[in-house]
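Below is one structure; the comments refer to it alone.
Labels A, B, C, D, E, F, G and H are assigned to the chains in the order they are written; within every chain, residues are numbered from 1.
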Amino acid sequence: MLLFENNDRIVFTGDSVTDSGRGRPVGQGLWDGVGNGYVRAIDSLLAVSYPESLFHIMNTGSSGFTSRDLLSVWQRDVLDLKPDWVSVCIGFNDVWRQFDSPAVTDQHVYIDEFEKNVTLMAEKTLPNVKGMILLTPYYIETNTDDAMRAKMDEYGSVIKKIGKDKNIPVVDLQKEFCDYLRYRHSSYIMWDRVHPGWVGSMLIARAVLKAVGADRISIGE
Amino acid sequence: MLLFENNDRIVFTGDSVTDSGRGRPVGQGLWDGVGNGYVRAIDSLLAVSYPESLFHIMNTGSSGFTSRDLLSVWQRDVLDLKPDWVSVCIGFNDVWRQFDSPAVTDQHVYIDEFEKNVTLMAEKTLPNVKGMILLTPYYIETNTDDAMRAKMDEYGSVIKKIGKDKNIPVVDLQKEFCDYLRYRHSSYIMWDRVHPGWVGSMLIARAVLKAVGADRISIGE
Amino acid sequence: MLLFENNDRIVFTGDSVTDSGRGRPVGQGLWDGVGNGYVRAIDSLLAVSYPESLFHIMNTGSSGFTSRDLLSVWQRDVLDLKPDWVSVCIGFNDVWRQFDSPAVTDQHVYIDEFEKNVTLMAEKTLPNVKGMILLTPYYIETNTDDAMRAKMDEYGSVIKKIGKDKNIPVVDLQKEFCDYLRYRHSSYIMWDRVHPGWVGSMLIARAVLKAVGADRISIGE
Amino acid sequence: MLLFENNDRIVFTGDSVTDSGRGRPVGQGLWDGVGNGYVRAIDSLLAVSYPESLFHIMNTGSSGFTSRDLLSVWQRDVLDLKPDWVSVCIGFNDVWRQFDSPAVTDQHVYIDEFEKNVTLMAEKTLPNVKGMILLTPYYIETNTDDAMRAKMDEYGSVIKKIGKDKNIPVVDLQKEFCDYLRYRHSSYIMWDRVHPGWVGSMLIARAVLKAVGADRISIGE
Amino acid sequence: MLLFENNDRIVFTGDSVTDSGRGRPVGQGLWDGVGNGYVRAIDSLLAVSYPESLFHIMNTGSSGFTSRDLLSVWQRDVLDLKPDWVSVCIGFNDVWRQFDSPAVTDQHVYIDEFEKNVTLMAEKTLPNVKGMILLTPYYIETNTDDAMRAKMDEYGSVIKKIGKDKNIPVVDLQKEFCDYLRYRHSSYIMWDRVHPGWVGSMLIARAVLKAVGADRISIGE
Amino acid sequence: MLLFENNDRIVFTGDSVTDSGRGRPVGQGLWDGVGNGYVRAIDSLLAVSYPESLFHIMNTGSSGFTSRDLLSVWQRDVLDLKPDWVSVCIGFNDVWRQFDSPAVTDQHVYIDEFEKNVTLMAEKTLPNVKGMILLTPYYIETNTDDAMRAKMDEYGSVIKKIGKDKNIPVVDLQKEFCDYLRYRHSSYIMWDRVHPGWVGSMLIARAVLKAVGADRISIGE
Amino acid sequence: MLLFENNDRIVFTGDSVTDSGRGRPVGQGLWDGVGNGYVRAIDSLLAVSYPESLFHIMNTGSSGFTSRDLLSVWQRDVLDLKPDWVSVCIGFNDVWRQFDSPAVTDQHVYIDEFEKNVTLMAEKTLPNVKGMILLTPYYIETNTDDAMRAKMDEYGSVIKKIGKDKNIPVVDLQKEFCDYLRYRHSSYIMWDRVHPGWVGSMLIARAVLKAVGADRISIGE
Amino acid sequence: MLLFENNDRIVFTGDSVTDSGRGRPVGQGLWDGVGNGYVRAIDSLLAVSYPESLFHIMNTGSSGFTSRDLLSVWQRDVLDLKPDWVSVCIGFNDVWRQFDSPAVTDQHVYIDEFEKNVTLMAEKTLPNVKGMILLTPYYIETNTDDAMRAKMDEYGSVIKKIGKDKNIPVVDLQKEFCDYLRYRHSSYIMWDRVHPGWVGSMLIARAVLKAVGADRISIGE
């Protein structure tokens, strides 16, 4: 059964994967307010399937953010919005900068800090909400020997560990994409192996909706 | 069971409701090729749910088109693309101009011509394809006494009649929207009561997918 | 006889219906200063018909404003301009957001607050001016069973009640549009049933001019 | 009584005074189709005052045109539109170029050619329409000794002469503006003394409406 | 003999007639720094004719300024630049707004305030400079009965009076333009009768250069 | 005495030095028609000094043109305009490409072709006009050992030779600039040593005006 | 020793990897004519190292081109330029579309056609030039099990085979990138694993320069 | 042997020659972060040749800066970045403004101040870094009699003197360009004789790389 209840306030936050051109200062309401990525897919699917309920969905993802950046705006972009539910999808840039800008170490967020950052987000939030959802970062690549994929897996494991420790549902997006890559090459999703495109957004939305018990929606394989 | 088969070529055509910013000359492939309306929703949902099959989806809807305009490019925008399936959603502008520009009669397409136009589209197409789908035009308005709603219903009846005569599945979009309007005001879908927005696109996609037997996808109410 | 006297300062304020692209910070004077909506129509008709008088017309409408927003800038956008007359047209967005963004309740202004807001505007203003004019919000829709129309009527009633209580002339714009809709469909005025377009602006102007006794101008039916 | 009848097709043509940003190829219908000058004022006032009739108003004025230019497109921009009524307002640029570009004689249209051009327009048109209307060019200047005003008066006299010879109603716009200039300086209308601005457009509209017997509309002085 | 000496700092200030697209914050040096109006003409003619001297020419004219506005920035835009010479050309907008925006009285600067403003400019400046130059405002119109021309003449007389009282050379630009209008219509200079265009800029430059004794330059009639 | 007579048609043509943003297809008349380079300076100075005469000045210079390009449009851009006088300033790009793009030999116009091209221009033109004027190309560089300066001098010599042979007045612009460079560094004129800037335009105008006997204008050193 | 000789005409062609924003119609000469990718790096390094020679380098790469597209413009974009040397880098899009747009089979160029296309390019060209250079397409990915990498290797083998058969030097760019990826992750070069970025352009340039015997340049590892 | 060591932080600063469109606030990392001038050439060549090392290269050059401007931001743009190496290329604008804007003396930085400014930069920096590099300003002109070249040589001498006094390696860019100008005209590098273009950037990069002992890179002549 769907965890979200009528009139719940639900914040999705993270980086560009979440942002997807959302409105400012808070992505919500009319037109492209919630952006045109996975948050929109979730919003539309819920609206169609649970029309008797109202879900106040807000998107505060910010392109380019690492967990360090996100933590620094957590009060303004999450807690001040008085959410009932908070979904976090962070870590891509923590890892990516270590590979695409190896010399610019100021922009790297290593795994210990990452764990500390996400843990702090959870601890500041859990007492004030009905629940949180954690999404693992992912790399749309099946080769687990790829250095960036391997590192992303480590960050994903941190997310899973925090989820387990704090009893927060975790959506394993890396697994979702790997399952799908049995049928298509990664470039079908997006050339850069991170930003999800339309199909990837639907994959993420499907996984999140399943995790929150949206059983009216079934987008099978 | 899904009517579309692996490698089928599927053309969606119509007016701005279909167009939704599609690529030119043919809306297909990468990025926003298929536009960001209901065709994209269909494309994404099929891609996620039927990953073992490839559907070559093409969007040739053109903003502002009446059935008269669409018929005039039918060869180029439909037949030349050698489709296996053709989905047509036309008639909004045939009706709308009679109400928003009552004096500009050159732009009105009355019901007899509308019937003739869509009939011709069907006759030129059916011998060359596996199947067609007809979508009724709609007005996102529950008051059947509204003059434009009433007229749109007449045009929708023409679509249903052609569908019946020629054995083409018809998707009754007017009914889909009316069902949904039990829960929301029309302005939630779109201020102008025609262009569908994100939620409306999902509603259309759901109805079309159901009509083509996409039983892996269930977006309930 | 015309209420406005030579050299009177007249402020029109409200939301996008009034704004219509007015100049900033105060919409007045040359070129498109007063916007290109009903304020301009009033300004032009007065200028042509009462050439021996000068009316200093100012437009401080702001797109998207609810009564809550307008009240918050009342000092700067109305009182500081030292008007002789103040015309207010507010309430559309108070109502509209309840229907197009039902989940985003922070943006709703319910009827009690609306009454309080407009009452406060009147009370702050009346002691300092020759007179005020209140325009009802409207929904260009004849079906009084439409939920948004019904709600708009309630807000209109509040305006009429305040007008009666405080002896302020009220222009019933809902009635003006309903009278006109006997001849045309609402989409002829504007697809979104709120923003007035050229013809709607003329209708509003005619009604306002009548209310202020501009008897040199007669735009009959 | 209004000369225009229900469903009449009415073309307004001329130069920038008429054009005012009209749609292409024919200025008509929705949004700013008829431009935002005097044609729009006429269109709005007729729509409000004669709602039981539909007038198909078309604007084919083109900025910068002399009578020579207008004649060269007369078939396409007037006759092919199958009008019932044709209103012409031309001559400004025929005169203006003689004063602002005295050396560029190729761009001057002298009075004999002007007379011949407008006469030809009338002769090609009258057999095919219910009626024509001629508007005199004007210079928003009261000093009849001003060389450009004097020359404009000569061109205006040609218009009046053609009107008399061919029994076409003539609107003496020069007189309209002169009457108004008793109250305001020319710079109030427009700095350049030709383009009419909002107030000037209303003055022109009033005069034209009077000439066509629109007796429901009275915009007095 | 030329009043300006080698290395003199020369500020030209005023409104749009002076501004002409000058650089910000101070119009000087390379490219279009000094704008492309009369200041540039002066700068170029001096540079060519007195190549052995360097004149540091600065333009701080600001479009739309009245004498009230100019006075309010006098410290920053004139005195702080430590000029040896200051040329002022102000008053157009003081007068113009009285005619083009007669109702917007806040924007009018009447003649007493104008005199006070320019007098204050002179008094703040004269003790700190080698000299000042005053340019009369003008209206490119020969008819002295024109209300705006008549008013402009009054403002010009104030300039001449201040010049006489304080022994500041005055350039009578109204006379310059009137002399020229014996040969051309005002619209040849500029449609709006104020902004000078290329030929008008040269006329102003010629008059200013004559006033400062630039006897190497002779641009006769 | 000035060679140009009342109502003469005068074409200035060449490359970007002449073009300077001129209007298309022919640079003439209002606003920036003649561009904002030396042609404008000539136009303004003549207009101010010879107000009793009208000179129809046309600019058909085209940026980037070599003598080869100019010859190819000579009929359209010069002869078809039926000029009384033709002034040509060409050769910069013929030379420049040899130095800035030494490998792109297709774009080089060597001295024999240059001579042939300009000779042909003269021969096609002289029988049809009152007179021609030839301006030498130049390089704003005093060092005659500079390779590009040396080459430009050769091309200048060709111009002088053609002038002598055909009895056409030649304006030696290289000499004008060299004289001026005694006082300023070349970068004061323009960083690229070719495009003249405001001061350089005035220098060219002065030289051309002298060559055509404009004795009312004296811009001394 | 460098194969290119003084004054040789050298065409680089291909797709977006070559194009890199080159000038149109032919990318050559001043400014960014040759684009800002590997062709520019080659051009700059040759210019600095072989200053005594002139190489006329032309870039006619076109973004998005497959070998089919390139073949269709071969006459215009290669042969008509009369090159001494031709370098071709094609095949990326032939392969990529098979993976990112698997359903859009019209855009796929399979290996047999690819071989035929490149063979035809060679056969049309070899008789008319001093030599050709073939660059293999590549995928910046070390995992040879990746489906797109595997396919790209097959296309690369075709290039090598053609090179061997026709005695054309082949630059194995796949090997160049693989060697470099021992030190950096592919995302350091470019997120999409195809477009080379600055470092990748230098790698390509180094490999090409080595292949043409540019022994004055050594950019070691 | 290369002076830079693995993980060194290296700041390049100066004016537009260094800036070249760098990112803000610090030019580093992905895409065009380091600009597209000589810093990029250095970055790419090092990345290719020393792949086993990471150099954190930062560009903080700012277009238009004199040594006075650069000194004023030295703390923020250099010291706060905690560099191991600092390369400075300044002085062009100190000299240039004396020649292109001789009257605007406020913008001139004379040689004593220049020496003081650069000395201060060195003194603030040397105690905190592994080393500095000084690049002489240059003028791409072989004629040492040219006034700007002569002045630039004096400023270059100051740089050499400071380098000698403080034991900082100096790269004599003037010499680099002069050596190259034996083969090409200055306009081949850049029309303005200062901004380096692609070839000039490579020349600067080569010289800097040689100065820091990058012996794996040899871009001979």
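The working rule: a contact is a pair of C-beta atoms (placed from the backbone, for glycine too) under 8 Å apart; a residue touches a chain by one contact, two chains touch by 3 or more.
Because the structure is predicted, anything quoted here is derived from the model rather than measured.
Tell me which of A-C and A-G has more C-beta pairs in contact.
Most C-beta pairs in contact, of the two: A-G.
What is the distance in Å between the mean C-alpha positions of chain A and chain D?
62
What's the distance between the Cα centroids of chain F and chain G, rounded to whole Å?
44
I'd like to verify one number: the distance from the centre of chain D to the centre of chain E, where each centre is the average of its C-alpha atoms, in whole angstrom.
39
By residue number and range, which residues of chain G touch two or more other chains?
Counting only residues that touch two or more other chains, chain G contributes 100-102, 184.
Touching pairs of chains, which are they?
Result for touching pairs of chains: A-B, A-C, A-G, A-H, B-C, B-D, B-G, C-D, C-E, D-E, D-F, E-F, E-H, F-G, F-H, G-H.
Per the contact definition, I'd like the list of chain C residues that touch chain A in the complex.
Counting only chain C, the residues touching chain A are 97, 100-105, 107.
In their shared complex, at which residues does chain A touch chain C?
7, 28-30, 54-57
State the interface residues of chain B toward chain A in the complex, per the touch definition above.
Of all residues in chain B, those touching chain A are 31, 36, 40-41, 43-45, 47-52, 180, 182-184, 198-199, 201-203, 206, 216-221.
Okay, in this complex, where on chain H does chain F touch?
96, 99-102, 143, 145-148, 184-185, 187-188, 191-194
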